[in-house]
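Consider the two complexes below, in which subunit A is the common component and subunit B and subunit C are the respective partners.
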Partner chain A sequence: MIPRPDSSSHDERIISVNGVKFSYDGCVPALAGVTLNLKRGEYVAIVGGNGSGKTTLAKMLNGLLKPASGTVTVRGKSTLDQSVAELARYVGYAFQNPDHQLFCSTVDDEVRFGPHNLGYKGDDLSKKVGRALETMRLTQLKDKPPLSLTLGQRRRISIASVIAMDSEVLIFDEPTTGLDTQETDDLMSSIEGLNREGRTIVLITHDMRLVAKHAKRVVVMSRGRIVLDTDPRGAFSDLDLLRASSMLPPPVVILAQRLKKYGLSGEALSPEELLYLVFRGKGGIR
Partner chain B sequence: MRALEMRDVKFRYKGSEKRALDGVTLDVEQGEFVTILGANGSGKSTICLLSNGLIPHAISGDLEGTVEVFGKDVRTVSVADLSTKVGVVFQEPESQLFCMSVEEEVAFGPENLAVPRDEIIKRVEWALDLVDLKGFNDRSPFNLSGGQKQRVAIAAALSMKPDMLLLDEPAYALDPVGRIELYSVLRSLKEKYGLTVVLAERDAEDAVAFSDRLVLMKDGVIVRSGLPREVLRDPHVLRSAGVAPPQLTELASMMNSRLRTTDLSFLNVDEAEIAIVRNVLNPGGVGRP
Partner chain C sequence: MTGFTDLYTEGDTFLHRMDPRVKIAAVVLLSFLAFVLTELRYLIILLAFIFLLLLMARARLTKTVFALKFVLRLMLLIAILWPFFDRSGTPVIVSMGPINITEPAIWRGATSAVRVGCLAAVWYILMFTTSQRDLVLALVRMGLRFDYGLTVAITLRFFPTFVSIIDSITDAQKARGLEFERGNIVKRSRNYVAVLVPAIVTALRTSDALSLALQSRAYGARTDRTYVRELHMRATDYAALAIFVALLVVPLAARHVFSVSV
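Then we have the complex of A and B:
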């Protein structure tokens, strides 16, 4: 199943990012000093405007990028001392564009590729592949060529091929882009299931409704820095800071805040929560 | 004369078994802002491709019914002729940007129409001003943010002085603020210049408040068409078409069933605020809780 940590120190901390700076061109900073700790089993959303550094940070977590200064440690060891292949055991990354990671001739081969490369064989390998296909509801499609399938299905394949490696941390970079409502709901509930199994989830997204519904912790990025790191209610309460980061909370969150001056108390993340607050203590509705 | 007139249009892409459009009748008046909502595969992109003539001229398939754009049948008018009437903006701005500077990008269309130099310069300034990118002339389009890139693509379409702009999920990769900025620019182009806007969207949340009319599609047919308030009245209809109802639509529907009425509908936070205060939090008005 999911590998356990080598030692119990660091209070279940899986990934530590310390004072990390990075620039693609040596000039404009993509990360301008980022510090972040991820604990086992967390469900963290990283949000921020276009170009705020979200994807750069995500690629630091699995060693695709290495810090120019500062350190990233995964399970207590610097990413500088681990190869991308080694890190892939612990940190899986599903790309924004699924086609960047699909190249095999069948869905089954695609999902098998990762764990096979990690050295899994025989029954163990088949079990991992079978479970990943089932989790992403791809069993029926396993003999099809990936590129003949719809965007939603291709995205599920790219995620299945990541979870087949049994990584304990899973990073999803804008996983719902291009998906319609039903596909989005299906995918998000699969991700919830992976989190319930104990995996650590990092969700990178623009969609504040997804953040409100699923994340337990929100990291807001702006210009290569983390400007806020809190729970969704806390994150949405600072409208000015969110706007400055090109983010807007979902409409019901804004509405609940406006209604405070009329005596509404509490924060709402969904229409259901707002309805409850509005009618709380109003038994006799006219 | 209408901007777009489709009569019982059926279209099947070559090599596909199912029809992408299965009997669509749709009118778009000049100066109207119409948002077509639908899930993947509902037919909204096909309507865009028909309206600028790429179907049937560049993309083949079986076309039945008639499609007229500003009074001209798309079967007989050329794509080049239509391009002076109809501008198109696709999902990915990168797929449309290829010049070294923003200015060259925006000048490209009119240059190819052999528009005089002075006029091109004027149009570039005009278009950049409209999309809030004044002074970006010499910047490289590739070093801009996603939202800025998409606005360059719109300016490039506008410099052709089209009467209608078709946008196929233009907010796809934009952050929430970038998305609102984009819709606001489109709305003001409609208000100021009478531009006809046809927007295809899968996500209803932000676009509806800017639209004159919503058209809801499912499996190649139109299931609802009307004022945003009418189309949004029943969240179930949206959901069954694979479109998530906007949060405020869901809230209004829940409040209606709670208050045993059908009166409430909110298109924006202001409307919702007023309605909730009047109906629940402070029904008697100021001073009477």
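Then we have the complex of A and C:
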């Protein structure tokens, strides 16, 4: 994918990935030349099959991995010159498995850990923690031991502990794995809220319905490359490419595409859109 | 680090084909031999012999280099430190305050270094050429209770998994602004609590799930176990065993029967 040159919005660019290559073992490339620019306030979904390089790319964004060649800059500064802890101030990363980070004896302590590490103190710290707990609906549970709670609650704690650091960019790695529909909806609406506050969201996921519903930009990865970088509508229209990257659009998108043969005009990303297209000009839905 | 948790390299050399019990016996016998030999030159020959076997095992070069580096560093450390602590003998080479270095101590240091080198390197013969499955099977066939054999197998199997879990936990805590290298020793050791607690919890959850998985596959339903793979000693295995035994017996006989210094 060639990045669109866009000098007018250069100042809005918060993370730039430029021609990044990376390999874990020195043989098989995990990233084979990736270029990607993230602007402030974007909601980007990174999708792709297993082993396509999604997580590797995400770990580049907060400095957990450093490029073997090419550059990654966060707010204009190369990640090579900054530690992960320094970058955490600007880029938060919520890991897939909450059990890989919870270690405190209360939820409150757990959420406090990150902002405390960043040097926040006193009222400022308490305010950040309080707001994160509220966003993830954890205020009731704040004195409970995290490890005794359910997976959905533990995931919320791990996310709260990241958003409490108040970083501008938030990366969510498969945040809905193992959650039921209600928990997924609640979590996704919390993430929407964070995006509305102006935070940049990077969502790594397999779930195309989440992409259709929430993302405003979709980056499709396959074998360490970005093969498509567009809006969800554009991403889902290229069925062959998605299949080649071992993915499928949500059923409703496929249904709308099939209905085109029968005269449906346009594409649908949600059941509502499909209904609108079907009943448009027929006096609405009865 | 992750790449070297399993040293086994697939192959079809005579060492790969050798019965794992013979290889275990070889490790034990050669280790004894390293203690029996006291002359530096014979120990060097033994070390060379062990490395010859390693070369014949055709392990991947990266693994061999890794193994070599470890053994050489260990040997160097012993050879350098030994003369500082062993002050006996003459002639004295350096004598400065508390430092008193003698020539025999340097020789003794070198001898111990090579001996420890042998003791460390000999394990690679077994580890390079024996899959974990065969290793456990051999131990069970040599009389280890199957439960314990399985425990060993599971430990070996989960070691790399556990290493990658620790990596992932470390990454997660770094992403929360934890700096492992900062602060004094108390602060630093406290930082590791943030890794250890999730690691232990994850290990417990994993072992819990694993025990359920084992039970649901009827583990322990029969007390008289049958095995898919059986071990058979072949003529070459007996020959190899005889050679390894001879390697230990000949120097012992030379010393005690013929009074030759070895």
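Quick notes on this structure:
Quick note on the criterion: the second predicted complex is superposed on the first by the 273 of 286 C-alpha atoms of A that agree within 3 Å, B and C clash if a C-alpha of one lies under 4 Å from a C-alpha of the other, contacts with A are read in each partner's own complex, and residues count from 1 in each chain.
Going forward, a residue touches a chain if its C-beta (ideal position, glycine included) is under 8 Å from a C-beta of that chain, and two chains touch if they have at least 3 such contacts.
What you are looking at is a predicted structure, and each value in this text was computed from that prediction instead of being measured.
In the superposed model, B is the one of subunit B and subunit C that contacts more residues of subunit A. Residue contacts after overlaying the shared chain place A:206 against subunit B, while subunit C stays out of touching range. Once chain A of one complex is fitted onto chain A of the other, the partner contacts of A:220 are absent, as it touches neither subunit B nor subunit C. In the superposed pair of complexes, A:147 makes contact with subunit C only, with no contact to subunit B.
Look at A:99: by the touch rule set out above, it reaches subunit C but stays clear of subunit B. Touch criterion met: A:165 reaches subunit C, while subunit B stays clear of it.
Looking at the shared chain after the overlay, A:58 reaches neither subunit B nor subunit C. No residue of subunit A touches both subunit B in one complex and subunit C in the other. Put simply, subunit A touches subunit B in their complex at residues 48-51, 150-152, 177-184, 206, 208-209, 243, 246-248, 250-252, 254-255, 258-259, 262-264, 270-272, 274-275, 278-279, 282, 285-286. Taken in their complex, subunit A has these residues touching subunit C: 25, 59, 62, 64, 83-85, 88-89, 92-93, 95, 97, 99-103, 113-115, 117-118, 147, 161-162, 165. Touching subunit A in their complex are the following residues of subunit C: 3, 165, 168-169, 171-179, 193-194, 196-198, 201-202, 205. Interface of subunit B with subunit A (complex): residues 39-41, 145-147, 172-178, 180, 202, 205, 239, 242-244, 246-248, 250-251, 254-255, 258-260, 268-269, 272-273, 276-277, 280-283, 289.
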